[in-house]
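The structure that follows is given in the form of structure tokens.
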Amino acid sequence: MDSIKKLAELFGKFPGIGKRTAGRFVYYLINQPKENIDGLIAALQELKNAVKLCEFCFNPFENNGPLCGICQSPARSKNILCIVEKESDLLSIENTKKYTGLYFILGGTLTLRKSDGSHLRIEALKNRVKGGSFTEIIVALNPTPEGKSTSVLVERALKEGLGARVQGLGFKITHLAQGLPVGGELEYADEETLESAFEGRK
Amino acid sequence: MDSIKKLAELFGKFPGIGKRTAGRFVYYLINQPKENIDGLIAALQELKNAVKLCEFCFNPFENNGPLCGICQSPARSKNILCIVEKESDLLSIENTKKYTGLYFILGGTLTLRKSDGSHLRIEALKNRVKGGSFTEIIVALNPTPEGKSTSVLVERALKEGLGARVQGLGFKITHLAQGLPVGGELEYADEETLESAFEGRK
Amino acid sequence: MDSIKKLAELFGKFPGIGKRTAGRFVYYLINQPKENIDGLIAALQELKNAVKLCEFCFNPFENNGPLCGICQSPARSKNILCIVEKESDLLSIENTKKYTGLYFILGGTLTLRKSDGSHLRIEALKNRVKGGSFTEIIVALNPTPEGKSTSVLVERALKEGLGARVQGLGFKITHLAQGLPVGGELEYADEETLESAFEGRK
Amino acid sequence: MDSIKKLAELFGKFPGIGKRTAGRFVYYLINQPKENIDGLIAALQELKNAVKLCEFCFNPFENNGPLCGICQSPARSKNILCIVEKESDLLSIENTKKYTGLYFILGGTLTLRKSDGSHLRIEALKNRVKGGSFTEIIVALNPTPEGKSTSVLVERALKEGLGARVQGLGFKITHLAQGLPVGGELEYADEETLESAFEGRK
């Protein structure tokens, strides 16, 4: 296979990228000066060599040491843990600048084709919780069908593994509020969202 | 003006209907049997003659008496009032089958062009609240810019007019929960929604 | 059934109007002054009484006499006939101000559920063509699957019924050009469109 | 800057890729086995080393010699030239399997910010045409505002530089047909498209 097709095939595996867009990427690169392709190669090399996953939360980072900037920071509360599906969710939450605890990146959700959870970091999560002193664990997964069934799995894992502490020593498990999003309208909200918005009123 | 254009013009004033769709409505009617046009005329006549607005909540209805089915019903709590923008919002909430109090249809929102609120039923609302015995008033307007500025107006009206009772005799004013809608994703949520989802976690 | 539901049901049969929009129409009318409902009723009455279909082309109109303004006009060529699916297609073509012949409104297309063409004005079309002196007949149906299969039916009807004249006395049957629409892009054009654009280049 | 940000920045320059998608690409790569990143790097290296632009038409290719497969092929007519904006347009036309002449990739269009055409291969185009023996030159640019103004520029360049031959020795300049695309509808076609469809009927 020639390198145009080969590269288009690799780009075609990028998330959300179809055959046509992948081809456009290749043509874009072909029309760049060769230095730019070298620059891209160098950035990929560095990504491969320098980036590691944080030993606590699995967030990718480049500092020295085993822990990412968030996990290392003395400013972050060690008593609260926020479980997210993926890196970009962590970033979205950081952007609000309102959360000051730690994270744990689960690495995905249950799906129809991966429904047993063996691809998720459930065991690592249990270890983090056993070894920590959390008073609250936020299960911040998407309120999608996949996110919701994963939430059930995560909670069960937390409770089964740590049942005594959940009840006895006590951390509480919380979930993000469901409701109307900013800019949403009652008329177009589905029933479950509207119910949540009513139940959670204050 | 001929009747085709005249009717297209009237349909063109219907909410969300442009010139092209209005024309399509007219052609649709022209191609119907004449009985169907008679049926439409009869339904409009009956709407005009039979439908009144509820004297309490402004919900359109056809029963005898001055009050709509909801306001008449002994099953509905008289201690809680839900303020909505329009009829369809009332219907959306009724469809959830979770709310058992009364309503008040405000009749619109503040907009850029109607920013003083004189087109809204603010005075009628004050009268309802003065004359009632509510322990909770839910301001269930859309979390849109228009809905939010209208909420501010409504609350101020309630408090100014009824200040003593708000604090003294005490009804509380509540709002629908903001948060992630069912099926929403953290990654695509705007910051304010995500903040609300975090703050309202439970 | 009460008149709110009744009217919503009738509006729900309008082309492209779902249950929710139909309900919005009813609430819109309820909130109008009663004179406006009277105005709508009057316009419907007039439509019913004054509008007829042109005896030649089936275009709805309000003049005296049996023929619409286009068919009556001495400025329109009587030698060219443009067959369209529906009234709004006639209007779209008139808006270009480039066509000066006559029309014939077929009254629909073949569909999966109405695949025999008995709902179309095929016989009337044959009569028009037999009785006329056309040198060109434009089959101006949409290049959609429905429009294309209807074109085949129309052409067959013209040729079978009038075969001698098609070849002998000679009118030609033409079709609208297929090609890239204004603002279209080669990259996103389907293959058949692109082929047509190539074949029809000039 | 760390390599995560650096790489996201480079991906963010890819056509049609925003900040968020660029970040998603980086996270996708971080979660791949290191071999996959090596594979991507190798493909980029090979693209850089092996791919050249055809000396005649500027189509990227990997064969030996100065000319791409199309320009080398004895099966392709040397008398007809199709001028396209970019590589993907060439591919779209090849996919129809109906065009058997040569191509010339112009390298872009006029835009608001690049309105003089100095970024386009106008001079090279003149040279190709002077040195060739074309009987037809197809200006196959998009019927968008940018494509149309570029068509004017291209034609003027062809005529000014080669005026004698255009008239005297004679090649003709053609354009793709404008008309209704497959699946299009008269009712939604803009006026110019509908006019073209009428004028080009056959």
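Read from first to last, the chains carry the letters A, B, C and D; within each, the first residue is number 1.
Here, a residue touches a chain if its C-beta (ideal position, glycine included) is under 8 Å from a C-beta of that chain, and two chains touch if they have at least 3 such contacts.
By chain, with names taken from UniProt: A, B, C, D = Recombination protein RecR.
As the structure is a computational prediction, the values presented were derived from the model and not from experiment.
K.L.:
Farthest from chain B by Cα centre, which chain is it? Let me know.
P.N.:
D
K.L.:
Express in whole angstrom the distance between the two chain centres, defined as the mean CA positions of chain A and chain D.
P.N.:
Chain centres of chain A and chain D, defined by C-alpha means, are spaced 39 Å apart.
K.L.:
Using Cα averages as centroids, what's the distance between chain B and chain D in whole Å?
P.N.:
The answer is 54 Å.
K.L.:
Going by the contact rule already set, what residues in chain D reach two or more other chains?
P.N.:
20, 86, 88, 187
K.L.:
What pattern do the touching chains form: line, ring, star, complete or other?
P.N.:
Contact pattern: a closed ring, each chain touching exactly two others.
K.L.:
Would you please name all pairs of chains that touch?
P.N.:
According to the stated criterion, the contacting chain pairs are A-B, A-D, B-C, C-D.
K.L.:
Which part of chain C faces chain D closely enough to touch in the complex?
P.N.:
Listed in rising order, the residues are 84-86, 88-89, 92-93, 95-96, 98-99, 138, 140, 142-144, 174-187, 189-202.
K.L.:
Mind pulling up the chain A residues that touch chain D in the complex?
P.N.:
Those in contact with chain D are residues 2-4, 6-7, 10, 14-16, 20-21, 23-31, 34, 37-41, 43-48, 50-51, 53, 60, 62, 86-88, 91, 107.
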